[in-house]
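Chains here go by letter, A, B, C and D, matching the order in which they are written, and residues are numbered from 1 within each.
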Amino acid sequence: MTHKIAILGASGYTGAELVRLIAGHPNIDIAALSADRKAGMEMAQVFPFLRHLSLPTLCRIDEIDFSGIDLCFCALPHKTSQDVISKLPETLKIVDLSADFRLRDPDDYETWYGNPHTAQAQQTEAVYGLTEFYRDDIRAARLVAGTGCNAATGQFALRPLIAAGVIGLDDIVIDMKCAVSGAGRSLKENLLHAELSEGYNAYALGGTHRHVGEFDQEFSQIAGRPVQVQFTPHLIPANRGILATVYVSGEAEKVYETLCAAYADEPFLCVLPFGTAPGTHDVRGSNFCHIGVVKDRIAGRSIVVAVLDNLTKGSSGQALQNANLMLGEKETTGLMGAPLFP
Amino acid sequence: MTHKIAILGASGYTGAELVRLIAGHPNIDIAALSADRKAGMEMAQVFPFLRHLSLPTLCRIDEIDFSGIDLCFCALPHKTSQDVISKLPETLKIVDLSADFRLRDPDDYETWYGNPHTAQAQQTEAVYGLTEFYRDDIRAARLVAGTGCNAATGQFALRPLIAAGVIGLDDIVIDMKCAVSGAGRSLKENLLHAELSEGYNAYALGGTHRHVGEFDQEFSQIAGRPVQVQFTPHLIPANRGILATVYVSGEAEKVYETLCAAYADEPFLCVLPFGTAPGTHDVRGSNFCHIGVVKDRIAGRSIVVAVLDNLTKGSSGQALQNANLMLGEKETTGLMGAPLFP
Amino acid sequence: MTHKIAILGASGYTGAELVRLIAGHPNIDIAALSADRKAGMEMAQVFPFLRHLSLPTLCRIDEIDFSGIDLCFCALPHKTSQDVISKLPETLKIVDLSADFRLRDPDDYETWYGNPHTAQAQQTEAVYGLTEFYRDDIRAARLVAGTGCNAATGQFALRPLIAAGVIGLDDIVIDMKCAVSGAGRSLKENLLHAELSEGYNAYALGGTHRHVGEFDQEFSQIAGRPVQVQFTPHLIPANRGILATVYVSGEAEKVYETLCAAYADEPFLCVLPFGTAPGTHDVRGSNFCHIGVVKDRIAGRSIVVAVLDNLTKGSSGQALQNANLMLGEKETTGLMGAPLFP
Amino acid sequence: MTHKIAILGASGYTGAELVRLIAGHPNIDIAALSADRKAGMEMAQVFPFLRHLSLPTLCRIDEIDFSGIDLCFCALPHKTSQDVISKLPETLKIVDLSADFRLRDPDDYETWYGNPHTAQAQQTEAVYGLTEFYRDDIRAARLVAGTGCNAATGQFALRPLIAAGVIGLDDIVIDMKCAVSGAGRSLKENLLHAELSEGYNAYALGGTHRHVGEFDQEFSQIAGRPVQVQFTPHLIPANRGILATVYVSGEAEKVYETLCAAYADEPFLCVLPFGTAPGTHDVRGSNFCHIGVVKDRIAGRSIVVAVLDNLTKGSSGQALQNANLMLGEKETTGLMGAPLFP
């Protein structure tokens, strides 16, 4: 059976990545693509790399007939997303890639995003989209909130460790190195090639990055008590990739065993041999996440390194993985493509 | 029916690209992978990005039992390739990715490569592997010689034009911009990141690049008289991609119509709207070749721009396309993956 | 004696490059820096790499007292530049880095830039700023028009050859590879790191790039008859650099001797050993231009390759070189810094 | 007065960077350049970017007459350096850029470098070359040991804090992001453009990087008791730059004041406004080090970010700064060049 889907916000990077992935999915058809400011254009004009595909012309959201749509991917900016989703048919399955439904508590949302949430009914209903940890809820969900790409990376490194109680909870440091596509197709000076190439810098320091809200929510829930991590993202001159270097107190061997056990049956999470660490080029363009554990020379200290592609496993790949579950497809369909290297 | 194949020289970029592509092919199994200096290692050690695949351990060529192999990809350096291929079973189907069997005339080979050919029987037998122009011969061939990646790009831009007689033959200029993976995984100073990043240069100027031999052979054959082009390759700080800017005398409209007609039914060759030109990021990681035609302000002068990914359409993708034909598979199987952007 | 200068448009790349260069000039003081939209900010906020310098706060142009200024650099966008310059004191020495005064004929200006010139008095007065060829005029000039960066590169390769009559005039091809800073600090999608890195493309094909107007004007003047070249610029994923590959008919040895003779006493123009070609990394961040000549295998055909840094020799370095002449300083002062490699 | 210097190991990146810097020094002449494997070649062949300079031909070390040399820079690999230096004239002033004389204790040297030290007399004599903290000793020294580039970056962030007792000593984490030129001009697969560009990874994890020996030595000495930090370097796809993100316990305001006070009179060390952090592009190609301090949301936790150019302030710039002191020159001569941006 073929499922019909729509993608709202198809002119951004996560929208285009969804098209790229779905083009290789045997049971999903793209029925509609929206991009309000580029309505009327062909995708081949907006993204020439998709020229070989037969795709619907870009349209405005209000031009879409949702009656024939089985599932809708929402790749809109946050705040826009809650406005749009609150007006979509109540029975339509939705995978949202924005930040709007990630935080369950409306106060948390307002704290981190600076505006009151205007779609609280949907917020209550939404399931947090970290597939490997919310699989059953996602299968039954109508609305799934895709996670932040940084938030996903940090959680893959840490959730099993917090759950198993094998690391200290009060001195976790997540130092993250993020490629530039995570910032989207936005026209900002610091995202220009001339500004970014050959240089790199930390940003949103001191725990001010919005994905920290997800860490707080999830880690505290697992631990059963408030957990706050230190988190510093860095902008790296590369297009795709996130690498999290996570410093924890805890025995490295225990940390390693815990991660191996947690991910033994996961098709996309790969724990490397003990003592080795991955690079972002190992997962570029794929839905895989590689994790390594290294013992520090300082007794009782360990380092966990996790990498994934922010546009795939960190965003659109995750979204398709969740959609597969919601549509009754095999979870991995369309997502087993190998990374691109070099 | 599943075909069993072997890849000789699996520790280089074209070998790894073959593995990446074949991993997505439903009817081909990788039965053996050789890499003499890395025999005994797992591919995951040599190419961690392939870690998620179950692959044979790397072995020496003499350890392979070719009796169960349907087709062998040879991704060895030139000269080594002719030695190895001359000793392989005479009934084994072979796709060679080296330069050893591209030139039909042994004297031409010696001229361009500096050493006498030591496998002239196989050289005589080999079919030139530019699929779109040698399709029937390839289907029937035992040994197919993959083309040079630069040679393929230039030919896609020019063959139909020479055949149709719509351009002058004595003032063709091919200015080519080549990404670094075309040089392979070789340890040379000028291929280091610190040397190449942020800089670019011409090399092999004046018609000394070995792929010129292929241009001479093919263009002269089509034209029915000697044709020599000017060809300058440039090394660009990017990993994948070739862009050929081809300057010809001839009416741009005629040039455009001729290319459109020639490639109308080709699944991988895409002629852009008249007056527009492609970029290498439009085809990265894919088997597509995009071609644009622009009219110059100088009457009777035209520019043709062609792009492809040197490791895919320029090498391993072409090899798989040819193997599909030789094995009776659909030509496009395993090769329709969309490019990766950004 | 110390000269006081102002820089109008100091928040762009050429403005910042002027500051960088002048910081190392012993006899020039920066008295004023304007940037209308960023007036009131410190340069350290706009360009943190200049933090170590004591610089005037950015101001609006109308806040500058020009009475104490010896020379004014104008690094404003074209069209804005002619408006501003027509209102500056008539005795103020000016080096303009925009396109507004490069074309001597107002009709040519309108043809290439699409709007009538509104400061024709100044246009008549302006001297074309290609130092090596207009040195005496520049020394005596009040207003010097900096050349286009591409235009400079092509002219360094070709002017002596046209003047000496050693090449054909009707089949010149200039294939140019341009780094991204040539496009300035403009917020355009195709200049984003995610769009440009790892990819490259031709643009302004067919002779439509505005710098072609400069080629036409200068080459025709030298030749004493109309000369039109074919010119294709390409956008390369690097921050600084221009490389021109120039295809000409003419004996390579003659071409070489002519360039050697022309540039024998030039401090910034370096002709490489015959048969070798330069890379952009050889001149990055410097005021040098390297030129190589190679003989093609086709009799009577030659290739000239010229490289320079678009922001230095192609723009701000050239501007300072001209200012040195206009102020009675030694031409090379502040400009002999070595390139940065790697 | 002009000083004559020699550079041993002039064919590597730090050697070339020394030449670049010294070319702008008014009182230092380069009398000899050695490079054993490239002896007989001109620097212009090995480093075409230095083509405009008149430089001695590369020679073997044993061809140098040291009697007229005032100071010798040693830019050789470690281990080679100790062999060579132990045989140089005993009165010759030396600035060594290798790792051989950084660790004062021969056992420490053997622990970190795996071989016994063979020039222990010189090891005893050598002064640690972190100029800002060993200035008086350096002025009087005969042999100065240049620091590791990572070691310098971490120490600029931390030394004043440890000395002032404003941070905890048992939970310091230094997460470092290193550009590729720090690895030198070595032919290794992971340093190829095709492997590194667009990807990044941690390496030498768990406290195994050799520069950790310098941290241990220096921090313990300042603290008056053993101090061990956690240190993870990462290889970033850029040519120049080191960025250290340092996580400490301590009040951010105190940390900030301490660094401001310590560096108030330092010409090359710049503390940014409180709450802001630098990028590596702010210091590229220069001898400056920028440092920022940010308060974490977690009470009592602070982040210090330090950046410098590994080839300049982290190596050859530091070496020239030390040489200036040893030769009685002004410390900053030849080193005040602005960074290159973009």
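Methods note: a residue touches a chain if its C-beta (ideal position, glycine included) is under 8 Å from a C-beta of that chain, and two chains touch if they have at least 3 such contacts.
In this text, all values refer to a predicted model and were calculated from it rather than measured experimentally.
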Chains in contact with chain A and with chain C: which ones?
-> B, D
Of A-D and C-D, the pair with more C-beta contacts is A-D
So, in whole Å, the Cα centroid of chain A is separated from that of chain D by 39
For chain B and chain D, what's the span in angstrom between their mean Cα positions?
-> 45
Return the distance between the CA-based centres of chain C and chain D, expressed in whole Å.
-> 36
Multi-partner residues of chain C (each touching 2 or more other chains) = 13, 181, 194-195, 197-198, 237-240, 278-279, 281-282, 284, 342
Quick one: which bits of chain A touch chain D in the complex? Just the residue numbers, please.
-> 171, 173, 175, 177, 194-195, 197-203, 205-208, 212, 228, 230, 232, 234, 236-241, 243, 245, 247, 275, 277-282, 284, 294-298, 301, 303, 305, 307, 342
Touch list for chain D against partner chain B, complex = 13, 180-181, 185, 187-189, 191-198, 237-239
Parts of chain D lying in touch with chain C, wherever the complex brings them together = 13, 16, 19-20, 23-24, 47-53, 181, 197-198, 239-240, 270, 272, 278-279, 281-286, 288, 290, 311, 336-342
